[in-house]
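One chain, chain A, appears in both complexes that follow, with chain B as partner in the first and chain C in the second.
Moving on, here comes the complex of A and B:
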């Protein structure tokens, strides 16, 4: 019963977070000093190298306000917006009218999700694996060496790390392209290989960037946990090193690491902008950056709502599955 | 127990797995449009990432970076992928623009428009027979009539800017025969060829194929993904993620709109976004592409130092082509106190140390222009040279003469003092050719006199106060890093003004906000800008037609303006622009009217123009050569202007 109440509370909180996030996303850009119609007209005038007459400007302004759904008072726009968002309809992109924002996001989403989920998991697995070994065998020289790798990688700013990776692997060794070229057409073996090849550098950078923290965190946890009485007891019972490391130390040390993993998965879109811009990688980050630059509100809403949805959902999932890992919550302890 | 050896083995295994992934460097398959054969594989020779022979492919950095609508090739909609070669490779216009001279020339038309009445409102358009769409259908007057019908019948649905331009410009039209039609305009239209054709590079009138668009029910939703083209190329393939487009030369290029220019040399033209400036520079050094767009001077220097095949437009300062249609200047809100006083505006101009701004932000690679327009090979004889005598004599109300005709020589001296190699500096006539005919003196003492004359004196902190003694901070809006050159120029201006006693808040804004600031009275005090000065040829009215009372709003209004961005409120200028709009542009009176407007703008210092936009277009000549250069200026070097059509027929393969 307590478990059910706990889950219900979390779900209500989830819906509330989404509602508040979506509402803020609607009002915030409108408080910002940017007008999508003015932006559009300025851009087209600049493109044309011409100025429009007063009548033509007004005509275009009225027509765009209607097409963009910007007519009517703020409340009407807001209620229409809430209704649309529920159906994953963010309206048309202002910059690329009439392209629906949902189409642009659906095109970009698999790239961001594919790259960042995979690299977050890899960084977690490799980092925690090495951290566990380094922590469990913390008195050995090899363990110290592994820790040094983590210490060296962790503080390097992502941007610098990315540039170093580009310089080494794409410029000097020329193993990978400096900027990706993804081929169109249906998925095939050669296309899959091409995607892996073109995505390898951003992936490597993300793994290296995330890996250091995981090494250091897991090593600290493993060092502390292996001295706990239940581990000592297991040793006295004659269990092997491997059993104690994996079954006793890792299982107990992983709880905070699982929290960190799930939170990082929720926040992947936040890291997407930097990675995608540096590596010219297609995805939500590049889309969000372009939308912010061009004052494309609808596209910006869509991207941000997607991020809010991802973070809120991951937090909910974390809350719901945590009892599986931690019996104290399950049992109300 | 995991021993050290086993650990090492694990690490080796990991390295092996990574190497296997790295080894997935299979050559890219040749992409092709649906139903098309892939590009033929070559026996030998380097291939591009999209499967074409590198020696047959001209590779160009995209102007717009990445696009979110790469599949939209419908030129009736505002968001179509125009920057990806559509204009230069795929389309044709009634009249194109020779960017070297500023003169229109017939492209789809057989000749320039024939004027049928003295009022200049009736025109006959004669089309060139023998032009075919890429699917083999002949281009005729039916296509022109269909497009005009489409503009008028769908003006509420189509978002292309040209739709309101044309529907407010054209009164009626009729087909005479397959190659002739007549058009009547609402007002006298001395700019008929540039409004119905191309002005700087864009055209309001994008003619569409009637046999394709006529079958489409919803024109706004129509993508026109693989367009039937009029130009010499067709779209072969593109990246659905918006990073690249590949164009292939038409086999029947000699029946295309651009056929009179000759055969385009490159079999393929590949537009690609090579990423952020750092990766772009590295790719350029490694010969991955041939023409860049707006690379910063520092990166160009780095690339030139690493690769002898990287070239700038000129071998000596200012290195780059300075004939852009627009210029960088400081947009002032002339309605907003204290900027509504000419004394304050002049004080700002005389406090601006332009040589330092240009050296700090552009390493001296700029061409100054005192007029509210760029000083180019086209505008110089029309406006700058005829007004030099007037400028030399021009004096402010207190008798002070602000013009410095020796600006170029001062620049040379300053750069020499800084230790620049004399062989890189211009001499003789090249001094004014490269650094401009002159600019305003840097004279903070005269600026202080002007400020004091309107009651604005320096306070205890050394900064000017308002006339009532209260502190004054001038907000200067500048682009954030989406335009790094302008950003640097902006910070240098702020520095220069601060040294002269103006308290400046340099505020960086994103692209979207930048446009809004320039268009909204309440947001604008001053900003680094280019939109007021876009005078490409003698037709100054084209850009300045918004100098009109129609575009003025109350100073506290937040209504958008979209024109007259300097908020000029001057009846003399309004009258001159209105008069000029109804004049024959080929007559001397038209130019005289433009010169009068320039004089009035300078006398009041409505807009502090600084320098031509330094369009940095480095080329890498490892695969292609004979790009336009200062000593071979057959066209301006831009890949996103009409000039690219000429460049494509003029470049020469190196033979690699």
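Moving on, here comes the complex of A and C:
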């Protein structure tokens, strides 16, 4: 019963997050000074010289207003907008007219999802593994060295890590390409090798960025947990160090770390966008940046809604499987 | 008696705090004082000859836009720090008042605050800033960026402060004050605040990091106001002119090193202060 209540609560929260997020992205740009249509028209005029007549400009303005859903009063616009979000229909892209925005996004999504899932898992596992060892053997000198690695890595922003990785691996050592190129065509062995080779640097950046915090937090948790009476009891029972570290200390210390992961998903996504743009990696972040540069508002709105939806959904999924790790929620203790 | 007095007034700095404070003080003082010694606008293009190597006149050389890299960097650190501190002040005020009031008032008010808190923690801020950057095309004023960062930055700190006040409100000394007839505001100011304020300082520094980081990330991908020198805009221009390939590695390495040192300094200060206050409370 308690489990059901927990899950229901999370689901309601999920819907609320989506609703508030979508509402904010609707209203914030409308509170800003400046009007995207005028901006766009002045761009067109700059390109066309002064050859556009007043009627043609007005026609363009009306058709743009219709295309962007800017007709009618604010409330009508808002309900139309919600309707479009629910149907996942953001109209045609402006730069790739008449390709629908949803197709472009669905092409970009696997790149971002693949990169993020891989790197977040790796960063979590490696970071917590190192933190666990450093915390369990915190009296040894190597533990202090591991902690210093965490301290040095954690505060460094994503874009700096990306640039350093480029400088070292693409420029000085020239081991990997500066920005990835992916050949079209069917999946084959050589193609997957090329994808891994080309995605290596963005992935390395994301792993390095995600790993410092896990090392520091896990070390602190492991130091505290290993003094708990139940771990002492296990030691007296004659279990090995390895068993105590993994089965006793880690199983409890990982719970706050899962919560921390859930709470930092938005932050990780920010980092993925920066990394994709700096490496020109063909994911959602790059699509978003290109759409912003080209004034392709349909594509831009589609990608931000997809981002909010993705982050909220992953948060929900992690929240829902959390009881598997924490029996207190599962059994209602 | 003597030693106890000394200990109270001169807290023993741990090494993290000492290193962090030194770095932050040098960078902050340098970037705030040095601008008074130049009359040249560092962002003006073509002030000097292009691509000069480092020399006593141009400590880090000049870039492909004819700007002095050292002076540009000084102004960048100053602007980024000012942005960080002002965002952090706004965030700390909002986070503390919402966090404390949610913890103490409870009921529906608390539930609403928690929903907004969780929403703002979940929604990534960078895409929202990208949309705004595209709508106001290049006119993203520094103020707007700061306001958005406050709107999206308060939730994390408020969450921590709320959970602290939840546990504090059940404590004996709070009940004591309540039974002695103290009002809610008096309780928060005199009984709760001393407990929360150590966290507020840590949160304050971490928010400076968050604000500088997010603005710089937005600038690096060219969507903040890149005319204003910041730690991000200097990298944006260096990338735009392929600093490395045209033989100007200092243009990009100098801001990278500065950013790393500044962020490390801020982080060491906040985590060192956290350890210090935990020690004082007798937790660690």
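Keep in mind that, in the parts below, the second predicted complex is superposed on the first by the 257 of 333 C-alpha atoms of A that agree within 3 Å, B and C clash if a C-alpha of one lies under 4 Å from a C-alpha of the other, contacts with A are read in each partner's own complex, and residues count from 1 in each chain.
Here is the rule we go by: contacts are C-beta pairs under 8 Å (C-beta built on N, C-alpha and C of every residue); 3 or more make two chains touch, one makes a residue touch a chain.
Source: prediction; values computed, not measured.
Residue contacts after overlaying the shared chain place A:102 against neither chain B nor chain C.
When both complexes are overlaid on chain A, the residue A:154 reaches chain C alone and has no touch with chain B. Residue contacts after overlaying the shared chain place A:163 against chain B and chain C alike. When both complexes are overlaid on chain A, the residue A:55 reaches chain B alone and has no touch with chain C. Residue contacts after overlaying the shared chain place A:38 against chain B, while chain C stays out of touching range. Of the two partner chains, neither chain B nor chain C is touched by A:225. Contact with neither chain B nor chain C is seen for A:119 once the two complexes are overlaid on the shared chain. Contact with chain C, but none with chain B, is seen for A:303 once the two complexes are overlaid on the shared chain. In the superposed model, A:295 makes contact with both chain B and chain C. More residues of chain A are in touch with B than with the other of chain B and chain C. Residues 32-34, 36, 39, 163, 167, 171, 277-278, 292-293, 295 of chain A contact both chain B in one complex and chain C in the other. On chain A, the positions that touch chain C within their shared complex are 13, 16-17, 20-21, 24-25, 28-29, 32-34, 36, 39, 151-152, 154-160, 163-164, 167, 171, 263, 265-267, 269-270, 273-274, 277-278, 288-289, 291-293, 295, 297, 300-301, 303-304, 307-308, 311-312, 315.
By the touch rule above, chain B contacts chain A in their complex via residues 1-2, 4, 7-8, 14, 18, 21-22, 24-26, 28-29, 31, 49-50, 65-69, 72, 77-79, 82, 155-157, 159-165, 167-168, 195, 199-204, 220-221, 237-244, 272-276, 278-280, 282-283, 286, 288, 325, 482, 510-513, 515-520, 523, 531, 534, 536, 542-546, 548, 550-551, 560, 562-563. On the side of chain A, the complex with chain B involves touching residues 32-57, 59-61, 63-64, 66-67, 93, 95-99, 104, 107-108, 111, 126, 133, 137, 140-142, 163, 166-167, 169-171, 174-185, 188, 190-191, 193-194, 196-197, 200, 204, 240-242, 277-280, 282, 286-287, 290, 292-296, 299. Touching chain A in their complex are the following residues of chain C: 115-116, 118-119, 121-128, 130-137, 139, 144, 148, 209, 213-214, 216-217, 220-223, 232, 235, 239, 244, 252-253, 256, 259-260, 263-264, 266-268, 271.
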